[in-house]
Amino acid sequence: MSNQSNEKQADPTDTAAFAVLAGISTATISTTLMKNGLRNVWIRGARDMQAQGGGRLVGRAFTLRFIPGREDLSTPESLASPYSTRGAIEEMPAGCIAVVDAMGITDVGIVGDILCARMRQRGVTALVSDGAIRDIAGVRRTGLPVWCSGVAAPPSVAGLAFVGWQQPIGCGGVAVLPGDIIVADEDGAVVIPAAFLETVLATAPDTEQMESWVLDQVNAGRRLIGLYPPNQQAADEYASWQKSQPGNRRGGE
Amino acid sequence: MSNQSNEKQADPTDTAAFAVLAGISTATISTTLMKNGLRNVWIRGARDMQAQGGGRLVGRAFTLRFIPGREDLSTPESLASPYSTRGAIEEMPAGCIAVVDAMGITDVGIVGDILCARMRQRGVTALVSDGAIRDIAGVRRTGLPVWCSGVAAPPSVAGLAFVGWQQPIGCGGVAVLPGDIIVADEDGAVVIPAAFLETVLATAPDTEQMESWVLDQVNAGRRLIGLYPPNQQAADEYASWQKSQPGNRRGGE
Amino acid sequence: MSNQSNEKQADPTDTAAFAVLAGISTATISTTLMKNGLRNVWIRGARDMQAQGGGRLVGRAFTLRFIPGREDLSTPESLASPYSTRGAIEEMPAGCIAVVDAMGITDVGIVGDILCARMRQRGVTALVSDGAIRDIAGVRRTGLPVWCSGVAAPPSVAGLAFVGWQQPIGCGGVAVLPGDIIVADEDGAVVIPAAFLETVLATAPDTEQMESWVLDQVNAGRRLIGLYPPNQQAADEYASWQKSQPGNRRGGE
Amino acid sequence: MSNQSNEKQADPTDTAAFAVLAGISTATISTTLMKNGLRNVWIRGARDMQAQGGGRLVGRAFTLRFIPGREDLSTPESLASPYSTRGAIEEMPAGCIAVVDAMGITDVGIVGDILCARMRQRGVTALVSDGAIRDIAGVRRTGLPVWCSGVAAPPSVAGLAFVGWQQPIGCGGVAVLPGDIIVADEDGAVVIPAAFLETVLATAPDTEQMESWVLDQVNAGRRLIGLYPPNQQAADEYASWQKSQPGNRRGGE
Amino acid sequence: MSNQSNEKQADPTDTAAFAVLAGISTATISTTLMKNGLRNVWIRGARDMQAQGGGRLVGRAFTLRFIPGREDLSTPESLASPYSTRGAIEEMPAGCIAVVDAMGITDVGIVGDILCARMRQRGVTALVSDGAIRDIAGVRRTGLPVWCSGVAAPPSVAGLAFVGWQQPIGCGGVAVLPGDIIVADEDGAVVIPAAFLETVLATAPDTEQMESWVLDQVNAGRRLIGLYPPNQQAADEYASWQKSQPGNRRGGE
Amino acid sequence: MSNQSNEKQADPTDTAAFAVLAGISTATISTTLMKNGLRNVWIRGARDMQAQGGGRLVGRAFTLRFIPGREDLSTPESLASPYSTRGAIEEMPAGCIAVVDAMGITDVGIVGDILCARMRQRGVTALVSDGAIRDIAGVRRTGLPVWCSGVAAPPSVAGLAFVGWQQPIGCGGVAVLPGDIIVADEDGAVVIPAAFLETVLATAPDTEQMESWVLDQVNAGRRLIGLYPPNQQAADEYASWQKSQPGNRRGGE
């Protein structure tokens, strides 16, 4: 059985929280975090390789770290070491999102079809990186969702050296710690620091619902001034509307 | 009614001119402007977010200007100011193309679905920027055509401060003045300085038709030398062919 | 007849070799070249303009070289010179891949629909460049496969000056000599130096087949450690499996 | 008399405040602003062209704005317009620091010796830009202190178009409003938003004095932990020392 | 004798012309070329490695060309080939300026002390490149003036492959043809296309003298408007002054 | 006493080896490493902040690692943590070279005068980074030699978060492991992987001496071809000369 080493079960609290987050855009999450003092949470260069129409994915960050390649470190032989990308993948819990610090090096592929297939087997939710992947045709066949900088044919050892996992990393100009929450959709991937999860859950669904109401108003022909952001009158209008809704929080259901 | 504040009618001269321009590729317009001394008219980094198959759009530039963000200027509260992107949008005339100087900052979104929906309501033809948009899924639903650098989840205030509209701006390395003509297609967006509109209208349709004839010749197996650009013999051939055509200017009909 | 000047026939040895290469991904070719000491063979910035689903193309490099534009050199008149892109195209043998050094300048188009149509007529297999193309809609209609940095409306003479063909060039940070072999697929384009062709043919098909077997193992739930790269036991398993296959080399048939 | 048009006298409050700021490093000012929520106040790319040993200069920002050049706007003739860099310089009050938004374009010179000589004549304190200057030998002879990205021989009109003065600008990735306070030393130039001047004056001199005491402690062999930043014991020690000093604030005298 | 192979004498016309050019700043030459339609003549990234106080040097361009390195081409052995930088240096005529296209690669040194010493021996006037040099301490001892992007310790073969000399090249974003005239001073290096030499000689000295007169006027307290560029009255004043001068052209004596 | 916690003595083998290395330029070391298969050993962006005339320094790497800043991690309070740059400095052994991975972020200063003073107190040989330092005037007064990207006024916490020491890092595009040997001179800083030290010591001094002999030959007027690299005859000449020298290895004495 493929997942016998992967017995760790998802935290039920996470499961509930992530269901809520799956209903909130990364745009709204970014706004919420900014209102709480965090301006740098969006991973530059990690774009949705599935292109238009993809859904939104949520998971705890499992981090991998590369440094620039050096011919004595970056050898085909190094790939056989337990202390390699292979070793890291075998430690990934189901439901995590693998976040890979490629130091912005985009001319080698950090992983290809085989490693992505194994991540998929282990129940990894997605791969996010500021680096590139290789064998995109094969990776697509594995079904593993990927957000990254693009494609590159050469193997990682042509330009990178792997140094470890579950360390703090930088990815696309953003700090990511193991266990932070990653949310990724068509706008890219954002990091919710673990300590901010409660705050986001407490306020982002309301923001999402309010923006949905505002959009309806705009589509009905209403002007932006006083509406978005809402002045007192618009806020009252929204509150009335919200109370009239059967379920009070769109994002939460 | 949504457009009651937008009573300004399109200039009928513009309407006729823009119908001609809609038949001329930005490639041909660039060549025409270069022959008239302008080498720097293509907006770098503004790509067609609708991807393959889109049409060509034409409009007068309505400019918006951002500067880099500063925490005391770039606040969620600043969005409620009349002197904000909201205020700018409410001033946009129908048929204009909004051109946004984001100073090449591509890690925040200058607008999202709500603002794009309002621009659409006001009859804005398209949005062009060297910056990014946010909530691409929502923006796509509004139907507003967008040429920009890509997507980014964070709000504009996470990295930009809005400073005004209808000023001269730089966008993607190109100078754009309010009232210049913007033409955008799959090759991106080019600026026709207002004073050069007549020149472009006078010569670009012929170039377009000539290139169409050249392409037919090439597809019939003819060599490039002497044909493109045409030597005297080829020019004569083209002139004969052109006279034989029912309407004399392909681009103009 | 369009190809009368193009009588040169493809080398039958090349034909056989290229059929093998068409079955091997650029990822595997990169790995093979790296094991033979070449880390810098992937052309940065040359992406598949046909997007998802394209096949793999192989050909000898026919090189073109630009330098930065200068107003006295980069004139519309210069295009009529026999020593121009036009002249170069008329020298291209059928089956070659045109590789164009645009010095990384991506804000002008090196060629448009007419030149691509003529290349197609002459039997050119593909165009590869670190520069941009113009009139993408028209180029797409010609059917010429293109790997490049993107699109740009302005003509080459707005920013580049053509200086010759069949010289050694740099393209996307990689050295390309006339006659080197180019292989391009969804991961981009790689260069096989002519002297390394035999080496690649001798080992890459085995690698490709081995990776295919590894992928099957992974999909069956096997762990990566000891499998990829294979330890002695896995190598033996693979060897047994390989012997049991009707044809011994997948890539070679 | 050269300055007859420049009768505006420096604000005496500014004079006192700037004397204090002249004793505080841009490093300490940056730290102070960060503690008050502003992380983006240092102008990237503006380095001290006088090199080692220069002093510290302080002044209100007088802003100039360029956009990318366009051949119809960026003409030698445009320089004669009253709405030109020349016009801007004749409006500069004595004691100001000219801050020039060159949009990060560093391959033309925004000003040369003649314009710098005139600024010097008008009592301008310094020039700060993310662009380049030209005729560095001549500029050095004028004695005008300059912080900028380097040198470039071509005139501004070879790549920039001037659009106005005393507007909000971006300079080196930082927002600068007319009237903000600029402090420049060997570490570069920082912006103190006008509304933050009091805050900086109230706390930065103490920080500067404390760091001076800490440095003495380190030079006497003390460890960093507990000292910098100071724990309670170290803070008490510093407070005692500070009381024992003849004048209580180093920066203020 | 070291220069026996270097018997070629400087062209006496060149000698006279270059003496004039030595009195004209690269800033003024750039302005003159721009007025004649050339905006792109300043070599980006080539800065004066002798720093402050250096003089101005003039010579015909002798071009060298590198492409990106490839391990099979960029070997220590390749340095022994007659078709190497060594071979190129032995072909350089006395008085030339070596202009090296390093494709903007700045992390290897194109030459070190030994090659610079040999260039000095052969009477080479200067070295100009968009690349880096190595062993700056040794190069300084040779006395060869150098304008380049900086220093880098690794040998050229760690990242570049040499491909030839006296070909058209790009250097710092500028086209340079063999035989073009290079002028370099503290503002960097500019290219005068050979066909423009007469034009520059005919007008630049006057510009230089006029700017000198303008500077004197500014230093005497005169305002810029109407003076620079001069209106009719100022032009008349200058003409009178010029007639009163003992020698009529500063730059020419 | 300041160094009581720093009792670790330098390894006597290192002392002897480093004395040899101090006589060999980073240029020669780079060439030696390249001949042994390592092309990527020079730290990009780390330039000698003491400018012209500095000596050569050698030491074992003591690594520090930053990731991009995040407002919840990068706080003034974080500086008081034992797990901070302060903690790292108190662990540095005398004679080491601190190598700091700033992820190429150059708009904040990684350390200022106080931390450099403490490093100097602890006997640290030098600081090398791809980041910037702050308070350059103060750092210069401490006497600590620094190779870095330049200066920046803001504190590290304005853009970076410190995550640990003595981990493998990337610095200026080069992999550096704790204990690797760093050599820095006017050409910048190179890394000798610990396992390559013997190889460098065994061959680089000879190369250095040979290049010195070649330079003398060139200065005497000899041509490059056959001399550098030496053909058999030149190699024999050098061997004779070398035998005639009183001490056989210049670098070693």
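Every chain is named by a letter (A, B, C, D, E and F) in the order it is written, and numbering of its residues begins at 1.
The criterion applied here is as follows: a residue touches a chain if its C-beta (ideal position, glycine included) is under 8 Å from a C-beta of that chain, and two chains touch if they have at least 3 such contacts.
Model, not experiment: these values are computed from the prediction.
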> Along touching chains only, what is the step distance from chain A to chain F?
Replying inline: 1
>> I want to compare two interfaces, B-D and B-C. Which one has more contacting C-beta pairs?
In response: B-C
>> Shared numbers divided by all numbers used: is that above or below half for chain E and chain F, i.e. same or different?
In response: different
> Counting in whole Å, what is the centre-to-centre distance of chain D and chain F, each centre being its mean C-alpha position?
Replying inline: 33
> Between chain C and chain D, what is the gap in Å from one C-alpha centre to the other?
Replying inline: 51
>> With centres defined as the mean C-alpha position, give me the chain C-chain E separation in Å.
In response: 38
> What parts of chain D, by residue number, touch at least two of the other chains?
Replying inline: 39-41, 173
> What topology does the chain contact graph adopt: line, ring, star, complete, or other?
Replying inline: other
> Among all the chains shown, which pairs meet the touch rule set out at the top?
Replying inline: A-B, A-C, A-F, B-C, B-D, C-E, D-E, D-F, E-F
> Within the complex, which stretch of chain D touches chain B?
Replying inline: 37-41, 67-73, 103-104, 161, 163-164, 167-170, 173-175, 193, 195-196
>> For a test of understanding, state which residues of chain D touch chain E in their complex under the given definition.
In response: 1-3, 5, 51, 76-77, 79-80, 82, 86-87, 89-90, 107-109, 112-115, 117-118, 121, 134-138, 140, 150-155, 157-159
>> Which residues of chain A touch chain B once you look at their complex with the stated criterion?
In response: 25-27, 29-31, 34-35, 39-42, 44, 47, 52, 173, 185-188, 190, 211, 214-215, 218-225, 228-229, 231
